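Two complexes come next, and they have one chain in common, subunit A, joined by subunit B in the first and subunit C in the second.
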Partner chain A sequence: MSGTGIRVAALDDIPEGEGITVDRAVTGTEDDIALLRDDDGSVWALNDTCTHETASLAEGWVEKGHVECPLHASRFCLRSGKVEGLPATRDAVAHRVEVRDGEVYLFPNETSS
Partner chain B sequence: MSATPGRIVIVGGGVAGVSTVAALRAGGYDGTLTLVDAGEFPYDRPPLSKDYLAGKRDFEQIALKPAGWYETQSVRLIRRAQVTALLPGQGLVQLADGTTLPADRVVLGTGGTAARLPIPGAAEVGVQVLRTVEDAGRLRDALPAASRALVIGAGLIGAEVASTLAGLGCAVVLADPAAPPLAAAVGPELAAWLHDQHRTRGIDTVAAGIASLRRTSRGIEALLGGEKEARVVDLVVLGVGMVAATPLAEAAGLEVDRGILVDSAQRTSNPAVLAVGDVTRSRADGTQAGHWDAARRDGERAAATLLGRPAPVASAPWFWSDRHGRHIETVGRMAAADRTVVRGRLGDEPFAVFGFRGTTLVGAVSVDDTFAVRTARRLLDGAIPVDADLLADPSTNLRRLLRG
Partner chain C sequence: MTSTPELAGRAGRPTATPAGPLHRPSELTPTIDVSGLVDADGGLLDRAIFTDHQIYQQELRRVFAPSWLFLAHTDQFRRPGDFFTTYMGEDPVIVTMDKSRAVRAYLNSCRHRGARVCRADAGTTRNFTCTYHGWAYDLEGRLVSVPNREGYPDRFDTADWGLVEVPRVENHRGLIFGTWNPRAPSLREALGGMAWYMDAMLDHDGAGTEVVGGVHKWVLEGNWKLSAEQFATDWYHVNMSHASALMLLAPAGKSPRDEIVHRAGRQYVDPNGHGAGFPVHPKNRFDALAVHQWFDYEAARARLGDARVEGPMTNGHATVFPNFSYLPVNGSVRVWHPKGPDRMEVWAWTLVDRSMPDEVKEAQRLYNLRTFGPSGVFEADDGENWSEVQAISRGFVTNSVPLNYQMGLGSEREDGRYPGKTSELYSDAAGRAFYRRWQSLMNTPAWYEVDR
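Showing the complex of A and B:
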């Protein structure tokens, strides 16, 4: 998919170091989407459900390019979704995000270049 | 600096051993790496008392690493194998089937076994424990025929097993002479509240030890300390801690004192042998963490030592417990606190308790409020001064507090 993406949030809706959930009904994805804002201000998107159990990554701790699951602290790379710390063993699915004029656009199932 | 060892053998496929393997490869180690594990396939223990016991997850779903991982990481995984001897002098590890593995360095992550109590009748009635997946399997198999259970010990494992059994419809008696259990780990206020949660979920909590057990036609009769009438149950589970599995280390002449003694780099008394996880005890302060995260960090530290790199940054001790649908986290040392402040209201989840010694934060415990403990962890690790009133105020954004 290309084009302009799906507008999913205003940048100001997502505090730095935190995340919000966007319902799959809006994104058309298999899972809800966690929009995660790193402490440098950048925004990233992962499937919301931790690959370990059932926690919402949007409620996780976002810091220095990673999100830490709020339940058992598995760590995922914001950019790639790659799992970087046990107990999770499977990568999260990452989706490309673009910020234009203070609005966040999601490109479901596209990877970041 | 000494050269990186060419052949490393890791004994024990728990979180400590597997983390050592993962951290070695992640750190660029390109020598021969062998993991010897006694079990069917290296798995994660925390689910054993919860989802695995409840039958919500199967064995494949609790693997520490997926099946193909060992191959892609060029790790030789030897399963269902017992190590019978370490021969550090000869650079060999000997297996029960007679095989010897050449090893320049050995990492012991042999964990522990469930502690037993000398309760009269325990052997006769077949008291169960929960440490391995085999234990959990036996317990699971016994559940269909069990509607009444006695859980002895209300620490982390006992409390989680009681919670899971109650959730499955079992009538549970939970006995522990400590009043309340876990007070040292989470502080007395929260320990009392947590223990009380069992009662509100219909579990019969008894502040007593077990005088005797015996099997009769009615089931298992359990006489609790101070009671005249025996309780009748179908199942008895003992959760009273762990004993470090040290025979291999002792036979190899390593210094052992209720655990393999290790320094801050995971080195044992033999320079060719390191040890990680539950089997270890700190030579410096005698502490024995016995928690999942500590075992994982041990593995990372051992890998750094083997690679001749500085140790990863230390972090305050952290553990979690999931019971009765609630997620509890603890960081630091609540036992060191001389006063506490509550963020939110104690008993009204989500909430958290922060422990201070004077004006210094020493620990925190949260119930369904992980941000509080994750914040405290970073405050502790960075030795960042913090105002107790700010932490206690639920309107304070903790994430921003940390950023200053």
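Showing the complex of A and C:
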């Protein structure tokens, strides 16, 4: 899918260093989506459920290009979803995000280039 | 601006912990009758209460577990997930603000194999995740994640394995206390007449108090009762133990003024074992100049009354039974954490009025640090005394010679100015009441023994 993407949030809804969850009913994805805002202000999207245990990555700690799971501290790359720290061993699914005029648009299942 | 945490929403009753067929044999918890160790009427004390291991174990069960114990200041919890770890007796606890902004406290021990689930002193978190095998608990104490959950039998229900919660948490003017005792009277009731004296420090102007960031912690050789008792009842030591510090604070080239050395004052004696002593000379205020100049004494007189301003507000010492003490004029607030019969850990905060400008708060902080910080000129004298007393107390002959608490015997009375029973400034009356309370708790089965 391409085009204009799905408007999922206003940028101001997501404090830096934190995340919010967007319901799969809105995004049409297999899992809810975690919109994660890095400490440089950029926004990224991953499947919300940690690949290790059942935990919401949107409740995790977002910092310097990574999100850390709030339960067992597994770490994932915001850009690619690649797992970067145990105990998780499987990558998270990343989705492309665009910010236009203070609005956040999601492109489900597209990867960022 | 700090919002005041809600105080609703806690369990109110003990957390159920499935024990199956486990039952602890009573030989593991022998009970000693302490009637013969404390003579509160005659003012005599057997030194074994400061050194004996069985007595110490019984104290944890019968003095600490059923009593209201100081946990933290409300200022330490501003948003959900803020936490502070401390001890109740020797039990490690986490104090935190849950998602509904209620301050709650939990035993800091994993229900799996017992590791601490929070190993930081203070901070902000979303969950308490055990670093041993990864069981994770939310801010409401629920077990929310168990790695390899499939490996447990069907009857394993995470609802049975949440953190053990401190069933009662209440605050008095920002000071948060907790108790394991589901049937304890309310905190306000347990403080009783002591609250009037505490409010001389906590209620200067209606804006309340806050704490300077950080807690000073230090370890001393010495039984926890030596310091708790001293803060309840002992102005007697001041001129002797702190002679050098008093000389230091006196105007250059002079020794301290006569009215500073020979003080008139009163000592409050609370039936629940609390105590507070304070000189009553109007010139007794004894603090940093910047604080003194900022303070509106007329407003304080209107709010608190002359008796409180000319006594428990301007100077003195106090203990809330069993192990919380404070010095009103320094803003020093501390807990004597027991660490075995021979050792204590002192945890000390500096309290300031929220209404103080920053430079006055800073002056208060520095003044408290210089006098009653870990290396304060007064604190060091006190610690030296307690450790000295403890260090020799294991000697067989030394340990069997009774100690004297007879000063001011029979002097407690209503004086018409200070509420409740008071004695002289120099008196052991509050000390006798402290040990009377201790003896009574030690000889009374606690709620869990009665329920069994």
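Quick note on the criterion: the second predicted complex is superposed on the first by the 113 of 113 C-alpha atoms of A that agree within 3 Å, B and C clash if a C-alpha of one lies under 4 Å from a C-alpha of the other, contacts with A are read in each partner's own complex, and residues count from 1 in each chain.
FYI, a contact is a pair of C-beta atoms (placed from the backbone, for glycine too) under 8 Å apart; a residue touches a chain by one contact, two chains touch by 3 or more.
Predicted, not measured: the structure shown is a model, and the values here were computed from it.
**Q** Does subunit B (first) or subunit C (second) touch A:Thr54, or do both, or does neither?
**A** Touch status of A:Thr54: second partner only.
**Q** Between subunit B and subunit C, which one contacts more residues of subunit A in the superposed model?
**A** Looking at subunit B versus subunit C, the one contacting more residues of subunit A is B.
**Q** So in the superposed three-chain picture, is A:Glu68 touching just subunit B, just subunit C, both, or none of them (first/second/both/neither)?
**A** First partner only.
**Q** Touching A:Arg90 in the superposition: subunit B (first), subunit C (second), both, neither?
**A** Only subunit B; A:Arg90 stays clear of subunit C.
**Q** Let me test your reading of the model: by the given contact rule, A:Gly41 touches which partner, first (subunit B), second (subunit C), both or neither?
**A** Neither partner.
**Q** For A:Gly28, select first, second, both or neither according to whether it touches subunit B, subunit C, the two together, or no partner.
**A** neither
**Q** Taking the contacts subunit A makes with subunit B in one complex and with subunit C in the other, which residues are shared?
**A** Common to the two interfaces on subunit A: residues 53, 59, 70-73, 87.
**Q** What does subunit B use to touch subunit A in their complex?
**A** Listed in rising order, the residues of subunit B that touch subunit A are 15, 18-19, 22, 44, 46, 51, 63-66, 69, 292-293, 296, 318, 320, 322, 327, 370-371, 374, 397, 399-400, 403.
**Q** Which subunit A residues qualify as touching subunit C in the complex?
**A** 52-55, 59-60, 70-73, 87
**Q** Per the contact definition, I'd like the list of subunit A residues that touch subunit B in the complex.
**A** It comes out as residues 15-18, 39, 53, 59, 61, 68, 70-73, 86-87, 89-90.
**Q** Which residues of subunit C touch subunit A once you look at their complex with the stated criterion?
**A** Where subunit C meets subunit A, its residues are 125-127, 129, 134, 136, 144-145, 147.
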